[in-house]
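Think of it as A, B and C in the order they're written, each chain with its own count starting at 1.
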Amino acid sequence: EVTLSGDARMGIVNDGDTTEFSSRARVAFTLSGETDGGLSFGASFRADNAVGANGNTDTTDGSVFISGAFGKLSMGNVAGAAEAAVGDLSGVGYTGLGDFSDTVYLTGDGAEGEPIVQYAYTAGDLSVYASASDGAQVSNYALGLGYKMGDYNFGIGYESTDDGLFGDDATHVVASAGGTFGAVSAKVVYGQADLGSGFDLTQYGLSATYSADALAVTGYYKVVDTDFIAGETTAVGLGASYDLGGGASVKGGVVNVDNEFLGDNTAYDLGVTFSF
Amino acid sequence: EVTLSGDARMGIVNDGDTTEFSSRARVAFTLSGETDGGLSFGASFRADNAVGANGNTDTTDGSVFISGAFGKLSMGNVAGAAEAAVGDLSGVGYTGLGDFSDTVYLTGDGAEGEPIVQYAYTAGDLSVYASASDGAQVSNYALGLGYKMGDYNFGIGYESTDDGLFGDDATHVVASAGGTFGAVSAKVVYGQADLGSGFDLTQYGLSATYSADALAVTGYYKVVDTDFIAGETTAVGLGASYDLGGGASVKGGVVNVDNEFLGDNTAYDLGVTFSF
Amino acid sequence: EVTLSGDARMGIVNDGDTTEFSSRARVAFTLSGETDGGLSFGASFRADNAVGANGNTDTTDGSVFISGAFGKLSMGNVAGAAEAAVGDLSGVGYTGLGDFSDTVYLTGDGAEGEPIVQYAYTAGDLSVYASASDGAQVSNYALGLGYKMGDYNFGIGYESTDDGLFGDDATHVVASAGGTFGAVSAKVVYGQADLGSGFDLTQYGLSATYSADALAVTGYYKVVDTDFIAGETTAVGLGASYDLGGGASVKGGVVNVDNEFLGDNTAYDLGVTFSF
């Protein structure tokens, strides 16, 4: 069976300099089936990624999976195991405003320009993840562990790639802790990477969302500190979302990004988002 | 909800020189929803435009809307307000044969290469339209008014852009009148544009369609007269359509285009069109 | 009506040198309708081919058809009449491993880079096919005949093009015979082409599939012998497929390709395939 879903949004974005209209509309295909023996299988990709999802050894979009009692095995443009376990902070704005709340990862999510494999297994509150590339373009792998304890959740991941700075090996250890405290849900992320060739990257941040009926207010603080030319970047975001029901929300946000070499910039957006 | 529709056609086209097979098949996605408060929202784009519809500040295809008692607000590749009010003459042929029956507009329909906004409000027989770009690439706006009176309808529009000839400002006033007279429906369009840098464009034309059961015969006459290098172009078209039912029609047409500098050329086509 | 279907696959491929992950996911649109007079019409194309299916005189993907008592007339990227009658040998592997079991044709299947027309008519056990390009880019045509006799089937085709080697005319006569013998189905193909400019191509091969419940084992042997620089190529393939039900199969194959100038190479793959 092939089913359709979609999302769309429209509004205005100010990148710190110019105010522009910004809109998009997308459709996703979800393919699902089941073998006689009870294994689930499927695939998914967006209509605008249809060419990249038909890429064979060069697939850049979409993913295919088979799952059963053994866990879930996915191939394609899938998240690396570290990202699957740790994830990102909560972002703000109807467009994401540069997605500075996202965690930096060395592997997965299309970084390889070719399909990788991700394996996931969940037993009760514990989830384990492993991922690897095939080594043809780049040789990498990652491991991840997720644990839920009541209203709290924890994640830890490790990544290794031979495609670090100047072609050197690179590794990354990253962890998160999150929880729900009444009307507030919060998450912290900390990561330490050896980028290769003697350079390091440290990232850490916190996001929190306060919810009251249809309203949600989110704030985040994120630092990515490197000792190479990219320097240290601090991003602070604040946003709000109001649920109109039926899949529609009004969302707006403001993000200040301060780089030690490039200086600081404040962007904001306001718009409506729809899911179908 | 995401729903699918489609269209297809096949036949032969002679461009005045060579006779060729011409076929196409397309699918459109229509996304629709409703908020708890009763606002309608949605989006639409074709599968072949999926990449352009995911363009954010550079969206070139598809559109997103929200509507309610306040009217309808659309963003993306939408028609400018003048086009929304005035429209085009009726075309001929299964391919349109160059679409010389279309009215020339300065704004909208993707001319900006980025999303614009169109607002539409209808109260009884009166419709008002306003549209504008965000000014980041090009700064333009348009206004339109449509009025129905029994079997007759009238439209008038005004457009302004800072992206005229040689970067000068340009404006356009355009109007239409149409009506149904028994088995015949007809429309006239007249437009006068200051293209900037001292150049003008005048366009006028008439189309009429005679319908008898499944048969429809359409003719049009359209002149676009400029005082710059494009000169004056006169297009005369005649076509017929026979409805086979179920969404299928046989269509054919012939169009003669005469440009004062390039001379004249006659193209024709014959084919079947399908809607799904 | 527009309906969706899909396919996906994932696994590993070794091209004789490197082992790589290979995955893909695809969705196909099928458009169908019926006229009041009972003619069927429709179109089909894949989401990743949506742009090519909207090509008019340059359509490279997808096809449109109308059918009735007179037969079926298709336009677009359709098979030439020789291919429609004769087809290919059975391939192996979850990716096809280079599709060396495919028959070489001079016309159809997108070879023209523009739409061609195919006409098919079936009366009982006999099917006749004719196809032609419009002559704008390349001038070609083909004829085909298929006949079924109980468990046996036969096909013969003739192709002619003015786009042979070095722009010379080329022709091709190709035939097949197939049958089912208990648990085994087999097919032979033989073709003889005058490629133009004094060069010839001879192709012949055999494929056989043995089926037992969910298991199918396929082998093929195919030779393409030319007297120009491509030389003689012999491909031998062996593969197996196990049906998991619900549209899922495990498939694997190995193919040895031996070219008289380039030497020989062995590729293999193993993966799962899904249909939705």
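We take it that contacts are C-beta pairs under 8 Å (C-beta built on N, C-alpha and C of every residue); 3 or more make two chains touch, one makes a residue touch a chain.
The model shown is predicted, which means the values in this text are computed figures rather than measured ones.
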item	value
Shared interface numbering between subunit C and subunit B [over half = same, under half = different]	different
Fitting subunit A to subunit C on CA atoms, where both chains share a sequence, rotation angle to nearest 5 degrees	120
Centroid spacing, where centroids are CA-atom means, of subunit B and subunit C in whole angstrom	41
Subunit A residues counted as touching two or more neighbouring chains	4, 47, 50
Residue numbers on subunit A that touch subunit C, as the complex places them	1-2, 4, 29, 31-37, 39, 41-45, 47, 50-51, 53-57, 59, 62-64, 66, 75-76, 114-117, 133-134, 136
Subunit A residues within the subunit B interface of the complex	4-6, 8-10, 12-13, 18-27, 46-48, 50, 95, 244-248, 272, 274-276
